[in-house]
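Pasting a structure below so you can have a look.
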Amino acid sequence: MRAHVSDPDRTQDKTAPPHARSNAAGPAHRQSLGRVLQSLIGPIDARRSHAIRDARRVVERCRALLSERGEVSGARLANDVTQAYQALETAAREAFFDDLAAEFSLDPADVGAAADAFRADPSEVSLVRLQNAVEPPRRELFRRINMAKGGTAALVDMRRRLLETLAAHPERAGVDADLQKLFRSWFNRGFLSLQRIEWRTSALVLERLIQYEAVHQIQGWRDLRRRLEADRRCYAFFHPALPDEPLIFIEVALTRRLPARVQPLLDPDSPVTDPESAECALFYSITNCQEGLRGVSFGNFLIKQVVEELGREFPHLRTFATLSPVPGFAAWLMNRNDTITLDRRSATLQSIVEALGLSQRHQPPIDSARQKQLTRLCARYLLHDKRGQHPSDAVARFHLANGACLERLNWMGDTSPSGLALSLGFTVNYVYRLPEVERNHEAYAKTGAVTASREIQRLGRVDLRTDAARPGQPPSSA
Amino acid sequence: MRAHVSDPDRTQDKTAPPHARSNAAGPAHRQSLGRVLQSLIGPIDARRSHAIRDARRVVERCRALLSERGEVSGARLANDVTQAYQALETAAREAFFDDLAAEFSLDPADVGAAADAFRADPSEVSLVRLQNAVEPPRRELFRRINMAKGGTAALVDMRRRLLETLAAHPERAGVDADLQKLFRSWFNRGFLSLQRIEWRTSALVLERLIQYEAVHQIQGWRDLRRRLEADRRCYAFFHPALPDEPLIFIEVALTRRLPARVQPLLDPDSPVTDPESAECALFYSITNCQEGLRGVSFGNFLIKQVVEELGREFPHLRTFATLSPVPGFAAWLMNRNDTITLDRRSATLQSIVEALGLSQRHQPPIDSARQKQLTRLCARYLLHDKRGQHPSDAVARFHLANGACLERLNWMGDTSPSGLALSLGFTVNYVYRLPEVERNHEAYAKTGAVTASREIQRLGRVDLRTDAARPGQPPSSA
Amino acid sequence: MRAHVSDPDRTQDKTAPPHARSNAAGPAHRQSLGRVLQSLIGPIDARRSHAIRDARRVVERCRALLSERGEVSGARLANDVTQAYQALETAAREAFFDDLAAEFSLDPADVGAAADAFRADPSEVSLVRLQNAVEPPRRELFRRINMAKGGTAALVDMRRRLLETLAAHPERAGVDADLQKLFRSWFNRGFLSLQRIEWRTSALVLERLIQYEAVHQIQGWRDLRRRLEADRRCYAFFHPALPDEPLIFIEVALTRRLPARVQPLLDPDSPVTDPESAECALFYSITNCQEGLRGVSFGNFLIKQVVEELGREFPHLRTFATLSPVPGFAAWLMNRNDTITLDRRSATLQSIVEALGLSQRHQPPIDSARQKQLTRLCARYLLHDKRGQHPSDAVARFHLANGACLERLNWMGDTSPSGLALSLGFTVNYVYRLPEVERNHEAYAKTGAVTASREIQRLGRVDLRTDAARPGQPPSSA
Amino acid sequence: MRAHVSDPDRTQDKTAPPHARSNAAGPAHRQSLGRVLQSLIGPIDARRSHAIRDARRVVERCRALLSERGEVSGARLANDVTQAYQALETAAREAFFDDLAAEFSLDPADVGAAADAFRADPSEVSLVRLQNAVEPPRRELFRRINMAKGGTAALVDMRRRLLETLAAHPERAGVDADLQKLFRSWFNRGFLSLQRIEWRTSALVLERLIQYEAVHQIQGWRDLRRRLEADRRCYAFFHPALPDEPLIFIEVALTRRLPARVQPLLDPDSPVTDPESAECALFYSITNCQEGLRGVSFGNFLIKQVVEELGREFPHLRTFATLSPVPGFAAWLMNRNDTITLDRRSATLQSIVEALGLSQRHQPPIDSARQKQLTRLCARYLLHDKRGQHPSDAVARFHLANGACLERLNWMGDTSPSGLALSLGFTVNYVYRLPEVERNHEAYAKTGAVTASREIQRLGRVDLRTDAARPGQPPSSA
C-alpha cells in the first residue's frame, strides 16, 4: 500500500511545505504584467502576445473580484474569473501564474512596518494588524474565487497545474503555499464524508477510480467489478463541494488469513468468498486522487475510520493489515554497490536484481540462500536506513507514522514488473492494532522508533558481514 | 427587513473585528490554570473548585489533541474534547474560556523574534516563519476539534456562548477573533447551499424558523404554514456540516403591487393568491440564525441569489423590494429633543411619539400636517444622519451597502408595538434592481452616497427651519 | 389500540365484501344517463341539470379513455378524466356515481352466454372467455384512470366518497367492489414500504398524523413532538404512488414495565426516558388513514414488521403489547339491562355507568367490590360474547385474529370521556409473542379459540350467579 | 428501432395471450405430484427423484402460504417460498411448474356450478360467486408470494423461465396467463417512473443496459459512455419494486437533420455535438428488458412521454422520429421466389440478396436501377403485405399502432450483418407528430390504414411488372 506520489510531504502534515523556502518575496516579484509586456514588445511572436492578452483578461477580472465590486457581485465576478481561467491555453496559463505570483503578493515593506509596530507596542490591535499584513491578498482572492459555481474544483485544478510548474518556477512557491493553506482549512476532516464505493455507485465516480488507482492499476470495468464484490470493500472520502470526486480511496480484501502475495488478490477470476468467514481485512491499495490537494493528508484518517467501520460490520475480524510495496529497496540496494557472498561464491547485487527482473515469475532463479540474504537486507533497509530520524522508505514512513507495526516481509509478494523493479518483488504487511496505534505513533514521532515484529527485528539484526564470513552458519537461522 | 441583531458588524465583512482591540497579548495572559487555582485555594467554595476541575479536564484533552497524539488519534480525541466541553456547567465553562484565552495564545516574544528575523532577511522562508508565528495555537486546536462528530456545531455553539461573555471579558477577544477567522474560511459562500423551505420540509428545520425568526415572530405552526403557501417563498442557506440548521433565511411574498404595510402580509387568514399573477417579490423578513457566526455575512449573497431564483421561476416579476423597519428613527427623534411646530401650535416630539404609541392603530390621532412633517424627518434621518460616512440606521446600512435603492416611505406601515416604538410605525421599501446594484454599491462604499428615489430625495431636502420657523436651528444638527 | 373505524371488515381480508350482495346486475342498471335526463326534463331545476351535464362530461371522457383512443393517448385522456372528476360538485358527483354503476357494468346476457359456452366445452379458451366476461368494463376504466398523474390518489378519493353514499345507494356496491378488487391488487404488501416517522420527517406527513389519528387525538404540534421523542416510535406504511400519504401508522412507547393506563403515556410533559433501558414496546395506537382503502388490510403486517424492527434495534425488549380499549363493553352491559347486587345492595348497571361517567377521574365512587364485579363482567364480555364464532368486540377480534394473547385487564386504564363512555374506563393489554402468534391465529381462525392469560381466564370463569346470588340468571345470557 | 423480440404480442395489449388457447383445463391437469411420483417410481433415476423432492418442498410451502397460516405469517412464509424456489435446479423447477399447473388450478366443476347458479339467478351475489370461481387459487398464491422481500423480482423471473418452457408444455399456459394478468395490474403505467439514464447513473443499472440492449448491441463501457454524452439521451421506465431493473429503455440521438444511417450514429468516436442546435430527436433503439413481463406493453407510453420531455427541454426540436429496421423484408422477398428483370437482364432475388450480403459495405455491387427496384419492393412490403388487416412487419406494426407515420426509406441505412440479412440494409424513419398520432392510431386500429408520406405512397403504388416492361420510364422518377 502506497500513496501514489512518493513525495513524503504528501502525507505528512507536519513538514513545512518545501516549496516555500526560496527567497521569493523580493522586489523582482513586483514585475507587473505590464512591464513584462514592455520588455517583450520587440521579439515576441503573435502567439505569446495572445497568451499574455488572455492572461491579462483573467487578471483584470481577479482585480475586479478583489475590489469593492467584488463585495456585492462576488458570485458573478467569481464565475467570470473561473470561466476565463479555464479557457486559458498553456502559454496563457503560464503568464497568469506569473502574474498571480507577482501582483497579488505581500508588500514586504508593509510587513516590516507592521512588525515594527508590534515590536514597539505588542498589543492585540497591533497583533491583528500584523496578522493581516502577513496574509497576501491572493488568499482573499482565492476565497472569493471559491464563491463561483464549481469554484472549489477550479482552485484544486489550478494548484494541480501550478505544482507541475513549480520545479521550473520556484518563485511561484508563494502561490502554492496560499492555496495549500486554504485547502488545509477547507478540507478539514470534519467536512469530509466517508462513503462506501459499490457497484451500485455512479459510473461517474467509478470511472474516477479506474483513472486514479496508481498502486495496482485497474484493468477496466471487469477488474473494477471484481474489486467491489462481496469479499471486497472500497471506501472513499468526499468533500461536499466536489460531490463526484473522491479525494482518496482505499481498497480492502476480506480474507481468511493474512495474504502475502498481491497477484492472487488482483485476479479478476478469483472466486468470491463469504465475507462473514473472514478474519483479516487487508488494505491492499490506498490512492490519493487529487494532485491539487498535495500536502493535505487524508490517509491516516481514512485507514482508522475504515478499521472502525469494518470492525462494526464484521465483528469476527481480527487482523487489519496492509499489503504494501517497499518502493525504495531496489534503488537502495543498487546504490550500496557492494557484493553478497554466499556459498563461497560472490555476486554483485546488480546481477541479482537483473536476475530477478528477467526471471520467470514463478520460478525465480534465486537460490534459497540468496533469498534469505535479500530478506535480511530488506529488513535492514526498512529498519535502519533513515532520512533524518525516520525510515527513508516513503511507504514505511506513512504507515509507521500512522502507528502501524512492521509485521512481515513476503518474498515474491509482488511479481509485477514494477513490483520487481522497485521492491525486488517484496511485499510488507503493516498491521494496525488500534489499541497500540497511539503508542507506536508517539514513539515514532518523538524518537523515530520503528515498531516491528520480533521476526523482522531478528532479520534486521544479523550482521551481513559476519554472516557472509562465517561458513558454518546454519541456513535455518535466517 | 432587518438583520435581527442590530450590530452592524454582523453583516459587514470589511470592518476589523471590534473585539480584537484591547491589549490582551501581555504576560498577564500567561497566567496558567494552575496558578489561578493556587491563588484561589483559600477562599473558594466547593462549587468553584468543582468548576475549575471540570474545565481543567477539558483543557487537558485539548492539550492532548494538540499534541503528537492528536496527529494519529485526532478524531477520537476531538470527540473527547467536544463531549467534555458540552457537559460543562456555566461556571466551568467560564473557567474554560479563561484558559482558552490564556493558555493557547501567542507568545509575543516569538512573534517579535520572527518579526525581527523577517526585518533582517525578508525572504519567503522568514515570511513563512512569521506567518506561523502570528497564528495562535488556538486556531490549530479549533481545527482539530472540528474533526469530531458534530465538531462544527460544537464550535459555533462555543462562540455563541463566548460572545455573551465578551463585554464582561474583553481579554477573551482573541479567542473570538480566532473562531471568527476560521468560520469566515469554512462558511465561504462556495460551500453553502441555497434550499427552498416548504411545508414539505423536515419539521426539525421548520421548528428552527419558528424559533429564530426575530423580525416578525412566527405565531406557531398555523402562522408558519401560511408563510409557506403558494404565494409565499422561503429560502435558506445551509452548510453541509450543519444539515439541520439554517444559517440565514429570507421570507418572500409574491404580490401584485408593492406593499406598504406589514400587518396584512402577516395575517394567517389572508387569502392565498395566484403566484403566476404576481409582479412584485417582497422580502419582508431576513433572519440570521446562528449567533455563533456573527460577523460572517450571508445576507448579501442570499438576497441576490433569491432574486435570480425567483426571476427564473416567475419571469413576470418586475419589482424586487423589501418591506423594512427604520429601527433607529424613534430614538434619533427623541434625542433631538426639539419641538415641531405646526399650525402655529408647537408639540414636543416626545408627545407625538407617545401619542403614536398609545393610539388605536387604525385611527392615529396624528393630523395630516404632522404626518407630513414626520415623513420628512424620517427621510432626513435616513439620508443625512450618519455614523462615519454611512447612514446611522443599521437596516439602511445593510441594504444600501448591498446596492439597493431607498424607494418609498410608508406611514403607519408597521403598527405592531415594536414597529411603533422603534420606527414610529414607518416602513421603507428598499428596491433591488440588479443592473444598478453594483453601481449603487460602489458609490455607497466609496463616498457614502445613498441611492434614493426622487420622492425621498425631495422629502429629505426640505429645510426644517422653513417649516418650523425656528431661525436658531443649526443645519449641521440634522 | 383500535382501528379507528369499528367496522371489522376494515381489517379482515377474509370476509367477502358485504356491499356486493344486493342484486344490482338487473336491467334497471342499464338506464343510461341519457334516459335519466329525458325522464327528468320536466321538473328538474337548473341546478340538477347543471350537475347532470357536468357528470355527463366526465362520463364522455371515461368512454374516450376506454375506446381505441385510450390505447394511444391513455395518459392524456386519463388526466382529463381525473381533472373533470375532481371539479365535480356534490350533486354532479352523485350523478356520476349513478352512471358509473349503470353504464360500465357487466351485461348479464354476455356472462350467461360465456357460462353456457364453458358448460358445453370446459376448455381453457372458453374459460378465458368466461373470465373476461365476468369482469366489468369499469375495472379496465379504473386501470386506465390510474395512468393519470395523481391517478391512484384520485381513485382512492373516489372510493372514499362512494363509500359515504353506499348505505343510501346499495346499487353502487358493484362500483365499490371493483375498486376494492383493484386496490387489493395494487396495495399488495410487497409494494408497501415501512418508514419510521420522526420529528425530522416532512411537516406535510406529520400534519397527516395529526389529522388522521383517531384513537388518541393529537393535540397539536407539541403533543405530536412528544410522541416522536427518543422513548417513542412511530412507523407507517407508504405506497410509492402516494408518497406523502401514510396508509396506516402505529405509535409505540418504549417503557420499563407494561403500562396499564393511557393518560400518563399521552402527557406531553412526561419526562423522556432512555430507550435503551426499556423492556416493553407498547403499541398504544394504530390508525388506518385512508378511508378509501377500507377492506385492504395493513394492520396485521404493520404490527409484525414493527415488532421485528424494534427487536433488532433494542435487543433488550421482552414484551410487545398493546394498550387497547374495549369499545363494545359499555353498550353490551347496558343492553343486558339487569342489575348487579353487591353487599346485599342492588344497583342497576345504568347507574354504575353513570356514576363512572360523572366521577372524578382519580377517585371513582365505585367501591372495590363493584370494581371486581365489573372486571369479571369485562372478562366475560371479551371471552364469551360472540358474533358468529368470534368475539363481538371489534378490537379483540383484530388482535386475536393476528395471534395476540388477551393478557391483562386494567381498571380505570383510560379515563378520557370516550374511554369511560365506551369501555367503562377499562383498557386491555394484548401481548404479541412472535413464536406463539401463528398457533394462536390458527386456533382462533379454525375454532374461534381465544388465547388469554390464566388470570383473565379465571376472571371470566366465575359464575355471576354465585357472586350475585341470583338463581334465576340463565347462563346462556352472558 | 425494434422491440427486441419479434413476437408482436409483446407490444400489443389487445391480442388475447396466444398461450391460453389450448384446452388445458381438463382432468389430466389434476395429476398431482403424488401420482406423478408413483407412476415414476420404477425407472426414475436418483436425480429426478431428488428434483421432485425439491419441488415438493416448494409446493408444500406454497400450500402453507395459501392456508390460514399464510394470513398471519404471510411475509415469512412468502420468503420461505421464494428462497426455496430460487434454489431449485432445472429439473426441479420443471417439476414445480408441472405442479403449479396442476395443483393450484381451477376446478371446472366449481366453475360450472357457479355458472349454473348465475344462470338461474343473475343477481350480484351469484355474480360475485362466479367471479371468485373463475379465478384460480394460483393468483392468490402469487399475490402472497409477492409479499416476500424480492417477491416481485422472483415472480418476474419465474415467468421468464416458464415462458421458455411453454412451447414444449402448452398445459402450463394457464400459469402464464395468471402471472400476466397480475403483472398487467401491478405494472400499470401509473406506477412506473420515467428516469433519465446518465453516466452518473449507478453502474448496476448501466450494466443492465449493456446486457439487455438487443437492437444495436453495446460494445462495452466505452460505447455506452458515448451513448450517454450531451447529444444523446437515454430514458427508462422503472417500477418501485424493481429499483435496479429498467423495464424498457429508449436511446435517443439529438441531431441537426433526420439521419438515414445507423452506423455513423453508433460510432463511439463520433464527435459530440451541441444538443441546443439539434432539430431532430431520433429514437434509434428501444429495448424491452424483462422477458418475464412479455405482453405488458410499455413502449407506447415511453415514446410519448419522452417526446414530451424532450420537447420541454429543447424547444427547438421539430422532428421526432425513429431509425428502424424492416426485419421481415428479406424473408418476404425470398419467399416471393420471382425474378426482377432490369435492363433486359433478369436476376433472381436470391442472387441480389446474396450479392448484398457479400458486398463491401461502402460500395455495394448493386446498380442504381436495382436499388430503385428494391426500394419500391420495400415500400410495397411495408404498405401492402398484411397479416390480417395490419402490416406483417413487426416493427411497422408497433410504430403504426402507436400513431407514427411511415416517412422515409433509406437505402443502405444499416450495413451491419444483421441489417443486411434481415432488412437488406434498409432503414425506415417513422415520424411521431403528436397532433396526428391519435388520428393515425384510430384509422390504423379500425381499418388498418397505414399513414405514410407521399413519397412512400408513390413508391408503393408503382406496378413492378409495368415498370419493368416499360422501357421509356425515366430513372429519375423512382
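General remarks:
Per-chain numbering from 1; labels A, B, C and D assigned in written order.
Keep this in mind: contacts are C-beta pairs under 8 Å (C-beta built on N, C-alpha and C of every residue); 3 or more make two chains touch, one makes a residue touch a chain.
Since this is a predicted model, take the numbers as computed values, not measurements.
Common partners of subunit A and subunit B, by the touch rule above, are absent.
Subunit B and subunit D have Cα centroids separated by 63 Å.
Per-chain Cα centroids separate subunit C from subunit D by 42 Å.
Separating the centre of subunit A from that of subunit D, both taken as means of CA atoms, is a distance of 53 Å.
Of all residues in subunit D, none touches two or more other chains.
Listed by label, the pairs of touching chains are A-B, A-D, B-C, C-D.
Against subunit B, the residues of subunit C that register as touching in their complex are 199-204, 206-207, 220-221, 225, 244.
Of all residues in subunit B, those touching subunit A in their complex are 13-14, 16-17, 20-26, 68-69, 71-75, 78, 106, 108, 111-112, 115-116, 118-119, 121-125, 127-128, 130-132, 134-135, 143, 146-148, 151-152, 173-174, 177, 182, 185-186, 188-191, 240-241, 300-301, 304-305, 401-403, 437-438, 441-442, 445-446.
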